[in-house]
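Next up is a structure, given as C-alpha cells.
Labels for the chains are A, B, C, D, E and F, by order of writing; each one numbers its residues from 1.
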Amino acid sequence: MPAVKKHRIVDSITLDSIMSSLSDSKRIDGRGLLDYRDIEIETNILKDKTNGSAKVKIGDTEVWAGVKVETANPFPDTPAEGVMTCNAEMLPICSQYIEPGPPDEDTIELSRVSDRGIRESGMIDVSELCIKEGELVYSVYIDVAVINEDGNLFDAVAYAGTAALLGADMSKFTIEDDEVKMLEERQKLPIKSLPISTTFAKIGDKIIIDPNADEQEIASARLTLVTDENGKYVSAQKGKPGGFTFDELKELSTISKDKGEEIRNKIKEAVENGA
Amino acid sequence: MPAVKKHRIVDSITLDSIMSSLSDSKRIDGRGLLDYRDIEIETNILKDKTNGSAKVKIGDTEVWAGVKVETANPFPDTPAEGVMTCNAEMLPICSQYIEPGPPDEDTIELSRVSDRGIRESGMIDVSELCIKEGELVYSVYIDVAVINEDGNLFDAVAYAGTAALLGADMSKFTIEDDEVKMLEERQKLPIKSLPISTTFAKIGDKIIIDPNADEQEIASARLTLVTDENGKYVSAQKGKPGGFTFDELKELSTISKDKGEEIRNKIKEAVENGA
Amino acid sequence: MPAVKKHRIVDSITLDSIMSSLSDSKRIDGRGLLDYRDIEIETNILKDKTNGSAKVKIGDTEVWAGVKVETANPFPDTPAEGVMTCNAEMLPICSQYIEPGPPDEDTIELSRVSDRGIRESGMIDVSELCIKEGELVYSVYIDVAVINEDGNLFDAVAYAGTAALLGADMSKFTIEDDEVKMLEERQKLPIKSLPISTTFAKIGDKIIIDPNADEQEIASARLTLVTDENGKYVSAQKGKPGGFTFDELKELSTISKDKGEEIRNKIKEAVENGA
Amino acid sequence: MSENNIERISGRATDELRNVSIKAGVIKNADGSALIEFGKNKIMAAVFGPKEVHPKHMMVSDRAIIKCRYHMMPFSTDTRKRPNLSRREIEISKVIREAVQPAIIMENYPRTAIEIYIEILQSDGGSRCAAINAASTALADAGINMRDLVSACAAGKANGQVVLDVDDQEDKTGEADMPIAMLPNMDLITLFQLDGNLSKEEFDQALELAKIGCNKLYNLQKDALSEKYFNENNGKEEE
Amino acid sequence: MSENNIERISGRATDELRNVSIKAGVIKNADGSALIEFGKNKIMAAVFGPKEVHPKHMMVSDRAIIKCRYHMMPFSTDTRKRPNLSRREIEISKVIREAVQPAIIMENYPRTAIEIYIEILQSDGGSRCAAINAASTALADAGINMRDLVSACAAGKANGQVVLDVDDQEDKTGEADMPIAMLPNMDLITLFQLDGNLSKEEFDQALELAKIGCNKLYNLQKDALSEKYFNENNGKEEE
Amino acid sequence: MSENNIERISGRATDELRNVSIKAGVIKNADGSALIEFGKNKIMAAVFGPKEVHPKHMMVSDRAIIKCRYHMMPFSTDTRKRPNLSRREIEISKVIREAVQPAIIMENYPRTAIEIYIEILQSDGGSRCAAINAASTALADAGINMRDLVSACAAGKANGQVVLDVDDQEDKTGEADMPIAMLPNMDLITLFQLDGNLSKEEFDQALELAKIGCNKLYNLQKDALSEKYFNENNGKEEE
C-alpha cells in the first residue's frame, strides 16, 4: 500500500490570513484569484550532458528538466514506434517535508500526470521516433527534478518538460545495405503540438489558479487541465480528497484555455531565446 | 530474514470449545475428526482473460485460480521443455490478519508447496510444452488468489490450481519452413495425472483433517500429503513447530490415499460441468 | 539514504586498556604499533563448486573467498574485454553486531574498495578474458564471506580474494568455423600482478597497523593503501570521520610498501602449498 | 441525448451502459464487501474497520484515516501481469481513495483506520470506475457512516461521437476517455480524469453523459444494498 | 535392510550415509556454532542468544522467539547464485526453524530472541538436513536448554530401490527424496518433506531408513559436542 | 611547481584548476545551500537542521548526527542513469559525510540531526570533490558551527606528469586520480582516495599539488559566503 505522505504544516496565522484574503477575493501574496505568479523559463541550461534542458520558476517553485535521447529496441507490440518516458523526482533539497527514498504516491501521480499530458496531446509523434522498424528506435527520457517546492508542481514540471523537449535535438541515422549508420548532422525532435497545463485549487467555495504550497495544502481539491494549440482538452486530473461541481468544471475548462494560450507563448519565446 | 507473521487470535472460549469437542472426538462445527467440510468447485469462471480458471470453496475458505498460457524462450539447460509456475497470493480482502505487501514466509511456503504438488506429480508433461526446441516453448502460469481465509489453504489452492489446469486450453502451433505459425484451433494442456492434496493438523494428541482457521492456529503441527491416481505419494510437507510420530505418519499416509480418491472424483466432475 | 550502522560497543575497561597500552606504544594484545597479527592463508578449500578459493585468518578475523568463472556476453562498450566483479558479504554468523539484510554502507564500501584494489592494480588482464570479441567473454566473480569479525576486514578480504584468484583456473575455448568450442584442458587466469593491501588506524595521535575490532571502533580514522610488486601505489581509501596530516600520509605510504612485500610472499607461498 | 447518429460497435445507445451487476456482502471475513461485474470487469472490494491504526504515528486524533489499495491479479489482464504493485496501480489507489473519502464521515471514527481493498479479478475498460462503485457499496455494507454513496462512470468519444461508458473495442479507436465519480445527492465530482482530445462542446457534453451514467450506477448500488438487507432480514425472520 | 539388490553408484550400502564430520565451536564471536561436512556440503551454523528482541513488538512475554536464516553463498552452487535471499531459501529457513524449535525449551528464556544463522559454503544434495544437524549442534554448543538434539537425514528412491541419503549423482535419476528431522529420544518427526514418487510400501520403508540415518547423525552430534567439551576442559587443565 | 614539461590538453598549467564558481544561498526552502560549477560539474548542496532525529533510536544524547546523500540526476551523466541510488552513490555519500563531519562542532547540537543533500545536475570528473566544496559552503550558509571549512580537490597523473584537477579528457588516458579533502587551517586530510598507479615520488608530489588546489577552493568558498552576506546586508539597507 503506498505510503500516506507526511503533510506540510500550515500554521494558524497563515491559515487565517489565506482565508481572510480569499473572503475579499484576494490571495495572501496580493494576487487575484486567477493570477499566476511570475513564470521564468530558461532553456539549454545543461548543455554538456543532455539533449535538451530547461529551468522553470513559478514564484519560488523551481524545477529543472533534462532530456536524453537514446536508442533502444522497440516494444514487440509497437515495432515502428519510439519510446517516450517522463519522470518527475522530488529532490530532498526542495523542502523540509521531503525525505529521500523511493517515490511516494504523490510523486508517482505527478510523474504519471506529466507523462500523460505529453503523451495524450500527441506532442511527440512516436512513429517518427522509429529508426529501423522492429530493430531500433529512439528512446526519449524526460527527467524533471524539483529543486524548490512552493506549490503547483504539476504546471512547473509540465512547462519544464515541454520546454526542454522543444529545445532538444537528437542524432540522425541512415540505413545503408540494411545497416544503421549515424550521421554527423543532428535534428530536432518530431514535435507536433505544445500542450499547456493549468492547475486550480478549491479552498472553501473559492477557486484559485496556481496555488502556492500553503494554499495547496489547505485546499480541498485540485484540478489540472491540459489544453493544446487547437483549444482541445487533452488531459485532466483531479487531486486531493474533495470535489468540484459540474458548473465549476465547465467554468474552469474555459479559463484553462485562455490562460494556456498566454503561457504557451511564454514557453515558445523562452525556447527561441535559449536556442 | 523472513518476517514472523502476526498470528490469528483465538479467544479462550473458542479454544475451550475446540478442545472439549476434540476430547469427544468431535469438531467445533460438528464434523468428525476425519471429515472434510463441504467442497464446492466451479471452473471456467473467468473466461475472458484466462486460459482456464476455477473457484474452490472448502467451507468458508474461498480461492480463485487463473491459468495463463504464454510463449517464451526455453531455459538454456532445458531447451526442449516448457515452463510451469504456480503462485499463490493472500489477498488483503481475505482476512483481517493479512496486510498488503510482499509475500511473507507462510505465503511463500504455500506457493512453493502448491507448485511442487503439481510439478513432482508430473501432472503436466513439460516436454509436450515445447513448440520449437531451443527457441519457443509454452509458459504456463497458475495464479491462485485467496479470497476468504478459513483454514486449509494448502488443499484449497491445490484443488483450484489443478481444476483450472484441467479445464484450460492453449493455442496450437505448426512449424513451416523453420517458421512458427499459430493455428486457429486450440488444444487442451498435456495433463498426465491428477494429484490430490490432503491436509491434517495435530491438536494435543488428536489428528484432524481439513482444519479450519481456528483449529489450524492452535495446532502444533500440520501435514500435507499429495497422492496421484496410482496411489503413489508424490509430495509432502510438514508445517508448524511441532511434529508427528512415525506411527502417525504411516497411518495418515493411508487415510490420505482414500480421501484423495473421493476428492479427485469431485474435481473431475466439476471440470466436466464447467466445460 | 544508506542506513547508519549500529556501532560496536567498546566497554570502558577495554577502552582504558587500549589507551594506556598505546601511551607506551604498545597494543592491548602485546603487539607493537606496526605489527600485524598472525596471518594464516589456505587455498583450494572449496574444490567442488568453485574455480578457486581461499581462507584467510588475521588473528581472530576469518574470511572465505570463492572464485567462479562463467561465460557471458561482453558489455557493448567493451566488446573485447571480460568482466571481473569482487563482492564482500558480512555474514550474520560473524558478529553479534551484524543483522541479516541488504548490505549496509560499510559493507558496500568494503566491497567496492576490494574490487578497486584488484581492478586498478591491473591484477587481471581483462583483455585476455575475451573468448570471442563482441560475443563471449569470461565473467570472473570473486565473492568473499566474512565468517568471524575482529577488525581489519579490508586487508583480510583483499588477501582472500587475491589468493583465491591466484590459485583459480578456468576452461579453455577454441574457435572453429566461427563456433566456440570448449576444450578439455584448463588454464590459469591471466594474472599480471599481486596487489597487497595494508590498513592503518589512528587513535589519538598514535597510528597502528592491522587494527582489531575494538581498536578500529575507537579509531578516528582508517587508511587502506594498496601497493603492487613494483612498489607503486594503486589504490587508497581513507575511512571514518577523522583525518590524517600530510606528513602522516607520506610516512604511512612508506611503511605500506615494506609491509606489503612481506605479505605478498606469504600469499605466494600459500598458493603454492594449496596447488 | 440517446438518439444515435452512428451505431456503436456494441449496438448500445450513446447513453447506455454495458451490463452491470453489483452484489453486496460477498466476503465473510470482511466488515463489508461487494462484487461488481461491469462489462467484463469482475472486481471485489472489501472494507475493514474502523480498526486500530498501524503504524501508530499515522493515527489522527479527530478523524479516521482512509487506506485504499487497487490491485490487479496476474490473471486479470490480456498478458499476465507481474504480481508487484505497478506505478499505475499506485496512482489509481490514490485517486480512488480521494474519490471515496469525501463521502465518509471520518470525524465519527477518530483515531481509527478504515481500509479499502480492491481486487481486479478480470479487467476491462473502466475498471477504476467499476472499482469505485464496488468500494462505495462495500463501505455502506460495512456500516460506515456516509454522506452519500459514490457512483462512478466514464464518458468518452469514439467514432467521432461522445458516448457513455466506452468499452474495450471502442477504446481501440477511441478519441477520449473521461472517468468521473460523484456524490449524486451532493452534485460533487470527486474523481475526474481525462485522456484524449475533446473540444469545449464535447467536454461539456461528456460531463452531462457521465452524470447520467453515475445516476444509473447509484440506483444499482442502492439495489445491491437493499437486496442484501432484505435477504438478511428474510433470513432472520425465518429463524 | 542393508542387503543390496542393486549396487549404488557410490558403492554405498542402502542404509549407508555419505562421509559426515561435525565440529562444534568454530566461530569465536557466536554464542554457539558448528561446521558440518556432509558429502560435499560444507555448512556453518551459528547461534546468538538468548538476546534482546528487535523489533520490540515481536517480543513474547512467556517464552523466547526463534529466528532462523538459511543462506547460500554465491560460490556454493554449480552456477553462481545471486546474493539476495531466494524464495527457496525463505521456505527452507521456515521449515528448519519449525524443525528445530520443538527441541528448544523456549519458556526458559521469556522475552528474548534466539537467532540461528546457517551459511551454506559448499552445497550438495541434502543441504537442509545437514543444516539442521549443524544448527542443533550449535544450539547445544550455545548452552541453550533443549529437550533433545534434532537429527536429520533424507531417505529416497534411486534406481528403483529405497536408499538412505540420496546423493547428487543418484538424484539425477532419483525417483524420490524424503528429508526428515527428528528428536531421536522423543520419537517426534519435526521436518518431513517429500518430492517424487513412492508407493505405500516404499513410503514406510523410506521412513524406517531415515530413522536409522537420524540415529547415526545423533551420535555424530553428541561426539562433536563432547569432543569440544573435552578439548576445552583439556585446555583449561593445561593453563 | 607550475612550470610545465608537457602541455595539458586543456592548456592549463599543472597546478591550474578548471573554472570554478560557487554561489551560496540558492535554495529558498533549505537552511543553507550552495551551487558549485566546477569544470562541467553543476552541483547543488542543501543543508537542513539542526532538526529532530528520525527514526528516534538514531538520536545521540551528546551530539548531532550527520546524514549525507550524494545523488545523481538521471540526466547528469553521458548515458541516462537509472533513478535509484547505486552502490557508487552510497559509497560516495559515506566518504563525503566522513570528510565533512570533522569540521562540524556536533557537540553544540545534542539530540539533533543535520542533513546534507547533494544533487549532481551535470557531472564531470571530480564530482565528489566539487560536492564537498558545495556541502561545506552550504553548512556554513546554514549557520552550523564549524571548526573550519572543508575544501576538496583532486590531483592525479596524466600523460606521465603529475597534475592538479584531472579533467575528463585527461582522465581517458589518465594514470591516476587522487581526490582529497582537507580542513585547510588544521592540516587535516579528511577524504583521501586513490585509483591508478603512482610511484612514491609521484604520490608525495600529488599530495602537495592537491594541497595547493584545496587552498584555492578555500578562498572561493569564503568569497561565496561573504558575497551572500554582503548582498543580504545590502538588501537589508535598501529596505
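The definition used in the following text is that contacts are C-beta pairs under 8 Å (C-beta built on N, C-alpha and C of every residue); 3 or more make two chains touch, one makes a residue touch a chain.
Quick caveat: nothing in here was measured; it's all calculated off a predicted structure.
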Chains adjacent to chain E and to chain F under the stated definition are C
Does A-F or B-E have more contacting C-beta pairs? B-E
Quick one: chain C and chain F, Cα centre-to-centre, how many Å? 28
Averaging over Cα atoms per chain, report the distance between chain B and chain C in Å. 48
Where does chain A touch two or more other chains at once, residue-wise? 1, 100
Pull out every residue in chain E that's touching 2 or more other chains. 69
Help me check something: in the complex, which residues belonging to chain E touch chain B? 58, 65-69, 85, 87-88, 90-91, 93-95, 97-98, 101-102, 178, 182-183, 187-200, 203-204, 207-208, 211
Complex contact set, residues of chain D against chain B: 27-30, 33, 40, 42, 44-46, 48, 51, 54, 69, 71, 73-80, 83-84, 115, 117, 119, 121-124
Complex interface listing, chain C residues touching chain E: 46, 48-50, 53, 60, 64, 66-68, 70, 87, 89, 91-96, 99-100, 102, 141, 143, 145, 147-150
So in the complex, which bits of chain A are touching chain D? 1-2, 4, 105-106, 108-109, 111-112, 116, 120, 122, 221, 223, 225, 228, 231-246, 249-250, 253-254, 257
